[in-house]
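Consider the two complexes below, in which chain A is the common component and chain B and chain C are the respective partners.
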Partner chain A sequence: MNRSLEQELSELYISNVDMIGEGLPERVNAARRGFLESFNLSSLPSAREERYRHCDLRKLFDVEWEHYFTQARERVAVTDSLPVEGYHVDLYNGFCTENEPLTILPDGVVYGSLRAAMREREELVLYYYNTAAENDAETVAALNSLFMQDGAFVYVPDGVAAERPFVLSFEYGTQDAAQMCFARALIVVGRGAQADVVVSHHTSDGSRMLVDCVRETMLEDGAGLHLSEITRMNDQSILITGNYLKQGADSRAEMLDVWLHGGVTRVNTRHDLAGRGCESNLYGLYFGTGHERVDIDLRVNHLVPDCKSFESVKGVVSGFAEGAFNGRVYVAPDAQRTVAFQQNRNLQMSDTSKVYTEPQLEIYADDVKCSHGATVGQMDAEAIYYMRQRGIDEQEARRLQMFGFVNDIISHCPHDGACDFVRELAEARINDL
Partner chain B sequence: MLSVKNLHASVGGKEILRGIDLEVKAGEVHAIMGPNGSGKSTFASVLAGNQKYEVTAGSVMFEGMNLLDLSIENRARAGVFLGFQYPVEIPGVSMANFMKLAVNEQRKYRGLDPLSSGDFLRLMREKTAVVELDSKLTNRAVNEGFSGGEKKKNEIFQMAMLDPKLAILDETDSGLDIDALRIVATGVTKLHRPDNATIVITHYQRLLDYIVPDFVHVLYKGRIIHTGDKTLALKLEEQGYDWLINDYQ
Partner chain C sequence: MNENDKLLNDITQQEYKYGFVTDIETETIPKGLSEEIVRMISAKKGEPAWMTEYRVNAYKQWLTMTMPRWAHLEIPEIDYQDIIYYAAPRTTPKYQSMDEVDPELKATFDKLGIPLEEQMALSGVAVDAVMDSVSVKTTFKETLAEMGVIFCSMSEAIRDYPELIRKYLGSVVPYTDNFFAALNAAVFSDGSFCYVPKGVRCPMELSTYFRINAAGTGQFERTLIVADEGAYVSYLEGCTAPMRDENQLHAAVVEIVVLKDAEVKYSTVQNWYPGDKNGKGGIYNFVTKRGLCRGENSRLSWTQVETGSAITWKYPSCILAGDNSVGEFYSVALTNNYQQADTGTKTIHLGRNTRSRIVSKGISAGRSQNSYRGLVKVAKKADGARNYSQCDSLLIGDRCGAHTFPYVEADNSSAVIEHEATTSKISDDQLLYCNQRGISTEDAVGLIVNGYAKEVLNKLPMEFAIEAQKLLSISLEGSVG
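This part shows the complex of A and B:
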């Protein structure tokens, strides 16, 4: 009986295979057979699987989801763009405007539709495409690679510092039936190049959506990346996203990920520190109210010596919301002199909300400096009393304390334009908790 | 200014204050001393409105208002300031923002317009000087990573910013070295005026070398068992509390 879910999805693919592969390079389509196989071999994880204990994908997929292979996309224009100046790529349900050519700047920067990039820059794109996503291990990633028709593409060539930030706006919506869609992004920062990327995932209406998203980010040696990602989905939506980052030697990534809203949000983050001397820093913040659920699975793999990683993820839950954090720092046998720190801190605002947190270290090298930590706490009554004694009313004191809690995450926003916006959204979110 | 009559308070069913009577007039400095566990900090907390303590009998009038009817924040806005024995850390909230909010909430209560950013900064600069507080600290999160001395100076700095009618300093001297003690005490003295009053709770006479009290009260088992002038503190320093306690019993 359990097989039927995979069979249905496989049949959906097989009966639409021509439409899915239409206009895409033969090599991309040929690889899909492998994804179909690996998808069929492993089933969608249920809550019985350790890593999906708090997010039963079988249940989430087991709904009559409609999927449209030919979206109306004469002119994709997102309605809720981020207020950030830059090079914009707009996507609606995973698709860019049909037949819109890539933008190629004089300094060699390329951005636009992934579909267009596969056609116009096949060699370049396929050199990186699907080299970081875990299509073998992660069923939802294989499913995404199976159905992929379009996405966002960013390429900054060696030695170039992109002048403006790339703003990737993934908007989702549907007027009718519950819809499933696939979103994809490929971001490549060349040797010694520098890129700023701002990503938004948001729904334009209150309709039911299931979004399976894969973002691959590749940093070549000495590359620098500033990335902010902001998620604002409606409370009927399900967002399952795989964020894959692969870093070359001496590269550096500064990332902020803010999950403000969403019915169910599942995040699989993988950072492969694959080149000596690279460094990655991730600040994450999630909010859960009502019956929202946020489940963050964060793996950092130190594969070579002399790399540094830092992750701080904070969560605020109220109402009946659930937050889960499963983190793991892996240090390979010869990854000596690794410095790694991971922490997850949560503020639980109601007795009916839940937080599960499990940071783990898996270390096979002996000369390392690694630590991790997790906390789940309530508002500090002493601090509220202290603030009230100075004349600040109780509600304001609570707000101030919550803001203080999230402030050390959002203060690390790496984008001037996006920071004020993120701060305002977080403040607004705190005000309705 | 403050009139406390037969004040009883308990925590978790255990009675700590057992009938306190105290009159404080504008311009006065009162010191409250007493052995450990006599109820000194409880008395301060009850005046500030800490909800941990339940008032079971008695009354507290402050400037003609029934203080016990007011919320914690309204007591503060009416002019009651508590210098905490253990100032609380508030991560992620800068001192400057915290104080700006507090000052303006209090101004609002008094029907005044909020301070402009420029006026606020000027006020901060002026008041940090009173307690020789490193002005860099005002950019840091409230009390976070402050040394013991800095925390206490920060309490007096806040007192200076808020300009209360009645300041209650709960063992502000504990954990201070002699220099910090001098700075804190001098700060308190500088802030003293004929129209405000101070209650200093302390274990040691040495604070009273700098802050000269008009009255010294000895609290024992939740009651004021003896009141004297500043010479009482010296006598207590020499002879301890036993002679008073023996008399009382």
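This part shows the complex of A and C:
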């Protein structure tokens, strides 16, 4: 009898348990036994599961993957860092590449390798680590927690406004056989603290990769966060990420997520608005060409009264690409005076491409203002005609219109430097379409 | 009189204690479902062999299926072997006079303004003197027959128009479609069949109303409507009066075929027993309704007002296969107390330049859960497809839930699909404004809800619309204050 995928992965963990757990606090390793158990009980979701209808994880995992368990002997320098001034943390296939893995600034700001932080600041890290990731509900999150060895860590203590942005560069690549690797980030912004974070996920070569990434972000009461994330993976790669955000009272998060390239990109985003009066705004943009697939699963949970959330996600899909958006705003019983808005707009550029959009509302309180919208459409022929009348050729007119469509999202990038960079990349992407 | 005589007298005079009704045995069949039962139902109805085979195949299909659990509903376990699948329509009246009818039911009838004769018919009072209804029925039948419109019960249609039934039955909702459709195909008791021939504009709204005597078609109703080329028909189903039915499970199937240039309007008001204030009892309404716009320029419009049933699982759909065909869906779904509804529509664009419009208004009150679930799909070849969906939810009370689950799938780059949804409650300002003008809070809620639902109610035929308005107010009674 063939062994199931889950069995294979579990056995893989068991046979490498010492290497994976080496040098990490006992509590982290002990918790893995629980994940192993829950991972064994549940199974990787297939397309038969409603939320994974457009992204069959079983098929993605069911390939002879090699596993990237150990940091390369020679440290691989990240080749493509974002042109943003700040505190840089570079990671290669999920492992921190710095010589000095953890930096502690005079004002108490800590950033660097998660592994190093777990050793040096065990209490602090373990207070937050794995408190937002849905290890029970999401098999991929449990899998990440099972195999996690390193990652990026950012901590801004109470009342501190970090002077420079944190730049987390996750680079993936290997010239060898197809590799599976695990990446992790933990970002903590203390009470009344302020942080700017820029994250990049990119491949350095054309090798086939499967990346299982989990990002946990915690905002304590009154914290403020600006976060931009840019994804540029090669068209052979598979990126499955879980972005978990937990917000305390009166905290505020401004986020931009741009998925520029990637063979298969599956994003599970969860925002828990857990403290009264908090607010989160998310702007998202995805592109799909060739045979690329993008599948965004976005859940916003209003757990307490008086919170606000806003999400606007746009997509441009052409060629044989597939774009799927599944959004859900959940308003818990008694989460009164919630204001929530969610929209997904798509430009479908070819008949061979596919767009699926499912913006959903699940509301159990009555004093709420919730709305959502979704559209699928194409270029406005009249606007193109208008431009052509004025001497702009058709290609340029189409380009301009597409750019207008995406710029609406990019202009909300909370970092000026990153904003120009993203705009350039998006422009190049549009020129390719 | 001696002892013996007295005893004899007593025995002969007293009523039979054990309810001696001989014909019960011949009118119903044993509980449960098996191939034998399916064959027995078919035999009882005197159906031809092909129909029996159809039912048996459906039953075999049903055995391989499981009950759908994806809806946002909590459905208790249903024991399908504990249901009697066939009972002949009741011929004996339930009550002898209107006085015996539940006063609460009578009060509702009065509020809805239903004429006394209809009230009697609806509540099952003996109606042998029912006045005009029989003659009205005959007049209608004559007018329809002159124009070639066939409108009869499904049993009659199977007997009298086997070609039409064989051609169209199961052509839109095959028994392989879903669990409840398979169950219905296997055991359906009766239903309506309507055929409007080429170029005929049906002169009146066809309604199950004037077939009241033929009602009691049971829990597994089957309806088939065919509009031939260039035909038009407006069909009304259900009624606003509360239906106190003992059957817990209702699994009906409605199929509509619209050919070239034809138009069908289907309006329905569903007010089955929703259970009591504590959520006890009530009907489970699991319905499959689907229309196929087969020809060019065909048009299908669904309008529904759903206020009843403990659990509703219902998605009237349009398959727009013909070029330039148009599908519309207008819905008001109201849930109160412990009711649960998961309802919406599916619109599948297959032909070119097809258009659809979806307007759904959900109202939840009490501790009810009300979900809209809708699919809009544009197939690869459906150039120039247009869709607009709007789903609004109104919440009354802080213990209820309102949910929206739209699915949009676009495979064609010329498709324009728009979806928007809002959720809110009745504002205190609106209520205060009404209160200031001497309108009680309860009336004000009724007023506001009717205004909110107007876009849909306007699509109903007039008599229906007026009753539906009153129905909304009645269904919300006790939900405020």
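Rule of thumb we're sticking to: the second predicted complex is superposed on the first by the 423 of 433 C-alpha atoms of A that agree within 3 Å, B and C clash if a C-alpha of one lies under 4 Å from a C-alpha of the other, contacts with A are read in each partner's own complex, and residues count from 1 in each chain.
Basically, a residue touches a chain if its C-beta (ideal position, glycine included) is under 8 Å from a C-beta of that chain, and two chains touch if they have at least 3 such contacts.
In this text the structure is predicted, and so the values were computed from the model without any measurement.
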Exercise. Superposed on chain A, are chain B and chain C clashing or fitting side by side?
Worked result: fit
Problem set entry | Partner chain(s) touched by A:Gln236 [first = chain B, second = chain C, both, neither] | neither
For this session: Counting touched residues of chain A, say whether chain B or chain C comes out ahead.
Result: C
For this session: Figure out whether A:Ile392 sits in contact with chain B (first) or chain C (second), or with both, or with neither.
Result: first
Problem set entry | Vertex chain A; arms to chain B and chain C (CA centroids, nearest 10 degrees) | 70
Exercise. Which partner does A:Gln336 reach: the first (chain B), the second (chain C), both, or neither?
Worked result: second
For this session: Answer with first, second, both or neither: which of chain B and chain C does A:Val355 touch in the superposed model?
Result: second
Exercise. Once superposed, minimum distance in angstrom between C-alpha atoms of chain B and those of chain C?
Worked result: 14
Seminar exercise, completed: Within the complex, chain B is touched by chain A residues 380, 382-383, 385-394, 396, 400-401, 403-408
For this session: Give every residue of chain B touching chain A within the complex, in rising order.
Result: 48-51, 71-73, 75-77, 81-82, 84, 87-93, 97-99, 101-102, 105-106, 109, 141, 158, 162
Exercise. Along chain C, where are the residues that touch chain A in the complex?
Worked result: 70, 72, 378, 380, 393, 395-425
Problem set entry | chain C-facing residues of chain A, complex | 50, 333-334, 336, 346, 348-351, 353-378
